[in-house]
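Labels for the chains are A, B and C, by order of writing; each one numbers its residues from 1.
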Amino acid sequence: MSEFVIKSMKDLPSVHLLGAGTAMCAGCGGLQALHEVYDLLGHKTVVVNAAGCMTLLANYPYTPFRGSWLYTSMASAPAGAQGVRDALDILLEKKRLPPEENLTAVVLTGDGSAYGMGLSATSAAIERGLDFIYLCYDNEGYGNTGQQTSAATPHGARTATHAGVAGFGGEKKDLFAIWAAHRPAYVATVIGAEPLDLARKIQHAVSVKGPRLILSLAPCPTGWDYDPMDTVEIGRLAVKTGIWPLKEYRDGKVSHTRVPHPRLPVEDYLVKQGRFAHLFQPVRNDKLIAEIQARVDEYWRDVG
Amino acid sequence: MFRIRFHGRGGQGMKTAGNILGSAFFGEGFEVQDAPRYGAERRGAPLFSYVRASRTPIQERGVIDNPDLVVVADESLMMLPAAGVMQGVTADTVILINTRDAQGWQARARFPGVVLAVPAIAASPPGGTPPLQSAVCAGAAARLVGVIRRETLAQAVRLELDARGRLMLDQDLRWTLAAYDAMSAHAGCVRERVAERNGVTAAPDWIDVPQDSVRRAAPDIHATASSEQSLTGTWRSFRPVIDPGHCNRCSWICGTLCPDSAIRVDADRTPHIDYDHCKGCLVCVAVCPPHAIRAVAEGKAAACEKIAQ
Amino acid sequence: MTRALLTGNGAAAWGARLAEVDYVPAFPITPQTEIIETLAGWYASGAMQGRLTTLESEHSMITAAAAAAATGARVFTATSSQGLLYAMEMMFATPGWRAPFVLVNVSRAVATPITLEPDHTDVLAARDCGFVQIHCANAQELLDSVLIAYRVAEHPGVRVPVLVNQDGFYLSFTREPVELPSMDSVRRFLPAFAPGEVAFRASKPVSQAVAVLGGASYSYFRYELHLAVMQALVAYEEAAQAFAAEFGRRYSAVDTYRCDDAEVVFFMIGSFAAKAGDAVDRLRARGERVGLVRPRLLRPYPADAVREALRGKRAVAVIDQNLSMGFGGVLYAELAAALQGRPAMPMLCSYVGGLGGRDIRVEEFFAMAAESRNAAASGAVPATRLLYSGGELREVRKLQAIAAAERGEAGARP
């Protein structure tokens, strides 16, 4: 990645590194974020993949990558990155690897792994100070298996395992805070629908060493039940309603890279998705909508 | 035995169509198998489901490669060899296509057997929700096999679509039965076959599997971006078309936001859509600031291309 | 060459040190800890060049080991029992990466109940995964096997991980004399790892361990893995010969002891085979023609060598230090498959014993030899015998009385 600083959309890459033709759904918000990130990270990478929708990014003999990729398992992608990074470091030290052959280790996981099964391996990799970038596409459910509730499912959302009128009764886990509590090199939330914000964060991420999380909300037409065409609009609404705060953790401090003014009612975001349809039909569930709004309000009140 | 394949795209409900027909056969006392066929593909990708129905226990399993009836919910699949619509069809197979031009397809496919069109069921009220493809396809298919009574079919629809709720269900039922009624002239044109195993088969061409070098023998891909050989453009039912006169050469909004890296931007900032890979999500249509990209139905777009040529 | 008193764990660590391994992903578990502690010390002191990284689980440890091997480093790791079971998803996944590394498993019986002493149920749970398996009976053999294991694993026609097994406590914590080969001779035997084309490099992008769809592609890759593991029979023999030429110690795929004219043989793996060897000596002293057959290689299964070793024997007492629930002994089943349909197949008698470190006493070996001989004479195949004595059951009954006391007897007392 070159030295110049991305200031506007005009500075974003116009040539795409990630190959087309993958098996991801039409309108996939995760793939959108991945290609924006990959265009900037470049091919001198090993993408270490955990089980999730993107297991099938590469499907023999087809791969979208111009760099390297290693499929591991749902629980242990950070350990795969550790093995690759350690081996590269050792080979560099022993002068068995020319520096120009060096690679950046990138973990790629969905929320099922990142928030749940892979969390122990992730926490340990951060605590060891592993020099890697961790990209999570968070579509708020076990999407690859049909959108069952995961640890990232938001309050009130209907999933394949919480299909009742109240949807999922629990709360979305705060992965950003969990990462930040480890005091890593960098943590950022992004969304494919805001490519400039995303690009600036990737630029910063590659400029530092150590554990770095890029946590992308991944609007999911299949799992969230909306027209694929609306992926960007729903992504933008997630930011404008404040339900997906764009922020980063650097040098021990959290700052918001976008503070929505005015903040739109969260209902604008919910109403566009089939997974929240039960909040509006057959009768409007004012109580639940208000509950969700109150959570968002509370968050931003604390931001100050 | 009856062997029936439903071809459609992810999201068109071919699994449901198979389930409705399966339940209808079951309701008539048949032994039944129905199953969807999954792959890596997602919404929009070609896929199929299949139904077997027999008066004796079924000694087959898996994909049907000798169908008596092939139902095609999306006529664009007819042009796609990878969709496998014509896999194993013979002159005795009936092909039921969701099209206005059954005879045209029969000519193009040079198919000697019967080709029928899925009846066009109007939305009611006009302009309302378009009829559920799975219900219409299942209704038509149920009439063609000639052994499913109207009331049995209705019962199957109630069973399979119950989760859609009372209002939807009534509508689904009307559509299914309308399709069933519309096919009365062809009732029973799909014939039940008696078992035809004659015991004479070619010997398998078994080999001793050779041990290959590690480079070949591991599931590793040394090619880069080989996914581009996968033509996901076939998933599309609508295509985005850029009007160059309206495009303001913004600065790669469509290209950046296209999830599939399927829009390339020239040095002079002119965007080009890669129709080999565009899956037709239409995100570009939604995000283009001057509304210079519109969605055109694939059939229409293909026709326009032909005229242009 | 120097001679030193080493535990099994010490010998395993020395094997890794002499192989000049670059990288040790680690996670502690009794009775394996001494191995990784020793290696950590050597990396810290500079006696070894490279790195030991402590992962947070064996599942991650095996992932990191294979990922580092796939990047071109020589990798060593070790685990035991529950750790091996916890890693099992990756034990099955990583051989298909075709990245060679060596794993020492210190056999320890598996839960439930949790315990510390050895049997082979842990390592046999990993028999189908694609690791080559070498089973050792003493500390010298363990050190030597680690070196042989790298030659086999890195063989261009093999390139799968190798598991070297030793028994917890009986070997892992037991000191015995071991000859330490010189660094120069080891380097002659085991050249530096040359990953070749299969390694992550900026100039050679590769997508590894990719999903396939459809049974034809899947079967191809699984068959290839099987053929690669089978190829290890040849690679092992090559390595064992080269090892003998360099160091003078010969490790055949199937070890035989006083077998030549034997009528009855014991058939078992691991360090408990020493007990069988002792029984053989005593029976021989009485004039009985008894021997011992001990496979060192279990995967690939050395079927030809096993058949050769058992040719002309009248009876085989197969002693399984493992228990496949609802079946019996694993070695017994595999041996029966290897001999099935062969002319003059010996009578096979199945014994399960030594679970959780339970001793197998010499009089039990005598009885097994006699029973097997009688079975061969009568032609009646005896049922699998679970080795256990009345005395042992009485001891357990005493424990049960205490365990049961809490409610029943406390309530009964005034």
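The rule is simple: a contact is a pair of C-beta atoms (placed from the backbone, for glycine too) under 8 Å apart; a residue touches a chain by one contact, two chains touch by 3 or more.
Note that the structure is a prediction, hence the values are computed from the model and not measured.
Ranking A-C and B-C by contacting C-beta pairs places A-C first.
Ranked by how close its mean Cα position lies to the mean of all protein Cα atoms, the top chain is A. Taking each chain's centre as the average of its CA atoms, chain A and chain B sit 32 Å apart. A straight line joining the Cα centres of chain A and chain C is 43 Å long. Each chain gets one centre point, the mean of its Cα atoms, and the points for chain B and chain C are 53 Å apart. Multi-chain contact residues of chain B, defined as those touching 2 or more other chains: 39-40, 219, 221, 224. For chain C, residues touching at least two other chains, in rising order: 97, 205-213, 217.
Residue positions of chain A touching 2 or more other chains: 43, 56, 58-61, 63, 65-67. In the complex of the two chains, the chain B residues touching chain A come out as 10, 39-45, 219, 221, 223-232, 235-236, 250-253, 255-262, 264-265, 274, 276-277, 279-283, 285-287. Per the touch definition, chain C reaches chain A in the complex via residues 22-23, 25, 49-51, 53, 55-57, 59-61, 63-73, 75, 89-90, 93, 97, 200-203, 205-213, 217. Taken together, the chain B residues at the contact with chain C in this complex read 39-40, 209, 211-215, 217-222, 224. Those residues of chain A whose C-beta lies close enough to touch chain B in the complex are 8-10, 12, 14-16, 18-29, 31-32, 35-36, 43, 56-67, 192-193, 195, 221-222, 228-233. By the touch rule above, chain A contacts chain C in their complex via residues 43-44, 46, 48, 55-56, 58-61, 63, 65-73, 75-84, 86-91, 94, 96-97, 100-103, 120-121, 123-124, 128.
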